[in-house]
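Look for chain A in each of the two complexes below; its partner is chain B in the first and chain C in the second.
Here is the complex of A and B:
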C-alpha cells in the first residue's frame, strides 16, 4: 500500500517490542551508571536483603534439621530458585507495579502517544542493574545447593530444568502483571497485589509441603507459584510429591507459564480498554 | 478508497464524536452509577495545512476530545478518522504519523539529559540516522536548544522543556501536530518563541496544527480558524473575523466569554 506519511519500514529480525525493550533498558542502565555511588549503594542494599532473607531460611533449617523431609541443601535449592525467578521477573517487569502512579500523574497518556507498547515503556522505566544484586546471589545459592544435594545429572535433565526455570520467571512476571492491572480498576490495588507478589515470593522460599495441603493446592491451581520453585525442585531432586499431587505436574511448568502469560496479556488489554485517563 | 486519498482530503474528520464516563456517587450502600457525557457530540474537520485552535472553558471537553483524536480514549459514539486512521484501534500506527505535546506534562524522560531523550525518541520512532541528523540540527537551531542539551530534563525551565517537547514531537516529521495547551505557564518571551516557531512550521512545511489553549494571544497570533467547545459541543467554528463579527464593538476576549456564557445558559 502506498502510504506517503508512514515512515519507511526498516527490515528487522528481532520483533519490534524486543528491540524497543533493549533500547529503553540500555538507556536506563547507562543513566544508572552515571551515578556510580548511588548504584553501588542500592545494589549493596539489595544484596544485603538477600543475605538477610536467606539467613532466615538457614536458621529455620539449622534449628529444625529438616523441613517436611527436605534437608538444608535441598532447602537452598528451593530458596535459590524462588529468589532467582522472582528477581529476574522483578528486573524485567517489576516496574509495572507503578501503574497506578503513572495513571494518576498522566504519564500513561504520554506513553500511549508513542509508537511503542506502553507495557514495554512501563516495564523498562527506571530499569536498573541494581536488581542483579538479587539474581546473582540467588543463582549462587542455587548452584551451591545443587552441588551439595548432588542429584544425578544428565544432559536431558539439565535442559528440562532450564526450561522449568524460565517457566518460573514467566509465571512470576505474569502474576506481577495481573496484580498491576488491578490498578486500572482500583486506584490503590498495589498493596493488595503485593500480598500475592511479594507474599508469594516469601511462600515459595520454603519447600511448599511445610504449609499443608490446602495452601499447596491453592498455589498450584489458582496463583500458580508452585511451578516457580517447588515443582522444579521435585523434578531436579527426583522426589515423589509429598503432598500427594500427581508427579506428572512437575512437567506442567511450561504449559502453566503460557497460560499465565495469556491471562496476563488479557488482563492488560482489558485494563487498557477500560482506561479512562485523568482530567485535564 | 485508499488511506492515501482519505488523508489528502482531511487530516481530522470527526462526525458526532462523544464520550461518556460512568461515575459512582454516594456512600457505599446507596451508591448509584450515573452516566456523565464529557463530550456530547463534536463535528470537526481539519484539512491539511490548517492551524486550528480549540478554545473552551475548563471542563468543556477539550482535553477529552484531544485524547480521542490521539487514541488515548475511545469515543463512546460517532465516527473519527485522524491521518486516515481510526485512532483508538490503530493507536500505535497513528503515533508514528502524528506528533503530540501535552503542555501540562512532558513526553521527555525526566531523568535523562535532553540530548539522550531526543536520541531515544529517534530510535522509538525509527527515524533513519541521516534524516534524523538533518532534522535534529534544524530543530535544535530553530528552537535554540544548544545551551541545555546536556541538562537533565527535570532541571529545565518550563520554556526550555516545552521547546524540548516540541522537538521530540517533530523529529519524525509528522504531518499533524496536536498540542494540548502548549503555552500554559510560559512567560511572554517563551510564548513568542513557540508561536513564531509553530507559524513557521506551518508556513514552510505545511504541518497541520491543532491546538487547545486558554490564551487568546495564541489564537490571534497563529490561527485563522477557531473552534469553541462548550459543554461538550461545538459552540462556534469559523474564522477569527467571524468571531469578531459576532460582537463588533468589543474585543475578542469578551466575545469568547460571551460564547461560554451562551453555552452555560443552554439547557
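Here is the complex of A and C:
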C-alpha cells in the first residue's frame, strides 16, 4: 500500500506500524505522567486487584491442600502465568474493547482519515502504564511459584518456556481483539465479550483440570486459552496431561498463537470493511 | 411519599429499556458464577466440609453473590448518575427539589434494583440452578426481607462513595479501591467461611458482608449468623442500613453547605 504522506527517512528494520505504536504509546505514557497522583492511585487500584484475586487463589489452595492434584506452589505458577499474559495483552491491546464507544461517538471516523493504522491508534489510545501494576506482581508470583515448585531447568527449557509465555500473550491479545470486533456487528456486545475475555482470565487462573474434560477440550480447540497458562505449566513442571490429551500439545502454543493472530486479523479486516460510517 | 413512588417507577422503567445490556449481564454473571462454582467444587472434593459449609452451600452462595451483582452494583464503577451531576454542577438542580437528595436517589435506585433483581438476578440464579445442585431456601420469608435490605444497603454504601465527590473531585480512585474491597469483604469472591476464622468473624460484622454473606447465611439457615438465627442476621442488616442512611443524611447536610451555586 502506498503511503499517503511522504515517508519519513527511517530505517526499515522496524515495520512502520510498530514504530507508530511505540511513538503513540510513549505519547500517552507522558500524558499519564502529567497526573502523577491519579496515576499512582489507579496503579494502586490495579495492584490491589491482583492482591484480591491472588488472595482468593491462596485461600482456595490453603483450604484444599491440593487442588486437582496441583500443590499451592504449582497453583502460583498457573496464576502468575495467566495474570501476566492477560495483563500484558491488556496493556498492549486492552483498549480495543472500547470500539463500540468509538463507533457511537464517531471517533473511529477520525481515526480512519489519519495516516496511521486505525488498529494501532485504537490500541494505543489511553495507553497507560498503570497496567504494569498487574504485570509486575504477576511476574513476581510466577517467579516465587517456580522457585518453590523447583522444576529442573536447562537452557533449552527456559528458552521454550519463554516462547510459550510470549505465545500466551499473543493468544490473549487475539481473543481480546476478536471479542472487540463483535462490536462492529452488535453495538452492545462489550459486556458479552467480557465473559470470554475476563471470564477467560478467571478460568485460566486455576489448573484447568479443576473444570473437567469438557471445558478443557473447549478451551483447547475453540477459544485456545489452554495455551496461556495450562499447557506451559504442564511443560515447565514436566507433568503428563491429567485430562488425557496428548502431551505433544504443550508445544503447540506458538502455532496456535500464529493461527489465533491470523483469525483476529481477519476479524478486524472483515469488521472494518463491514463498517459504514454514519457520515455525521 | 407519592413523589418517591413516581421516582421509583421511573427508575424501574428507565432501566427496563436496556435489554441487550441486561442479557449480556446475565451471561457474564452466569459464566463467572460457573467458573467460581467449579473451583469450589474441586476444593470441596478435597475437603468435604469447611466451617459448616459443604459444596452445595458454597455453590449456592456463589450464585447468590452473582445474582446480587446487578442489585448491589458492588463491582461496577460510579453507578449513581449523581456522581456525574456533582462533577458538572447539575446537582444544584437536584438540591432545588422539595425532596431530600438522599431519599430521591434512594427511590430511583430501588427502582433500578427491582428491575435488576427480576431480570438479571433471578435468571442468573436460575442458570446456576440448572447447571449445579443448589440448596433450597431455609427461611423464604426472612430471605425476602434480607434481599430488600440488601437493595437499601447497596444504595446507602454507593451514595456515601458518591458524596465523597463533593470533597475529592475525581472519585474514580475511590471507586476502584471499593470495587476490590467490596467483593472480598462481602463474601462474593469467596464465601467468608473459607477465610481464617478470626478474619471471617470481623468481616461478617462490617457493612459489606450484609450485602452477600449475611443474606446467603439466612438463605442457607446457618448458625454462624449474629445471635445464631435469621433474626440476628436481619437485625445486623437493618442496623447497618439505619447507620449508613443516617450517615448519608448527615454528610448530605455537610456537603450542601459546601456547594456554591453561581447564578446564570
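Everything that follows uses one rule, which is that the second predicted complex is superposed on the first by the 268 of 280 C-alpha atoms of A that agree within 3 Å, B and C clash if a C-alpha of one lies under 4 Å from a C-alpha of the other, contacts with A are read in each partner's own complex, and residues count from 1 in each chain.
Please note the rule applied: a contact is a pair of C-beta atoms (placed from the backbone, for glycine too) under 8 Å apart; a residue touches a chain by one contact, two chains touch by 3 or more.
From a predicted model like this one, the values you see are computed outputs, not experimental measurements.
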item	value
First, second, both or neither for A:107, with chain B first and chain C second	first
Which of chain B and chain C A:115 touches, first, second, both or neither	first
Touched partner set for A:162, first chain B, second chain C, both or neither	neither
Chain B versus chain C as contact partner of A:262, first or second or both or neither	neither
Touching partner for A:31 - first (chain B), second (chain C), both, neither	first
Chain B versus chain C as contact partner of A:276, first or second or both or neither	first
Partner chain(s) touched by A:22 [first = chain B, second = chain C, both, neither]	neither
Residues of chain A contacting chain B in one complex and chain C in the other	none
Complex interface listing, chain A residues touching chain C	38, 41-42, 44-46, 48-49, 51-52, 55-56, 59-60, 63-68, 186, 188-192, 194-195, 198-199, 202-203, 206, 210-212, 215
List of chain A residues in touch with chain B within their complex	1-8, 10, 20, 23-24, 27, 30-31, 105-107, 109-110, 112-117, 126, 273, 275-277, 279-280
Residues of chain C defined as touching chain A within the complex	20-21, 23-25, 27-28, 31-32, 35-36, 38-40, 42-43, 46-47, 50, 170, 172-173, 176-177, 179-181, 183-184, 189-190, 194-195
Residues on chain B engaged by chain A in the complex (per definition of touch)	2-4, 7, 21, 59, 63-64, 67, 70-74, 83, 91-93, 95-98, 100, 102, 104-107, 109, 111-112, 116, 120, 123-128, 172, 174-175
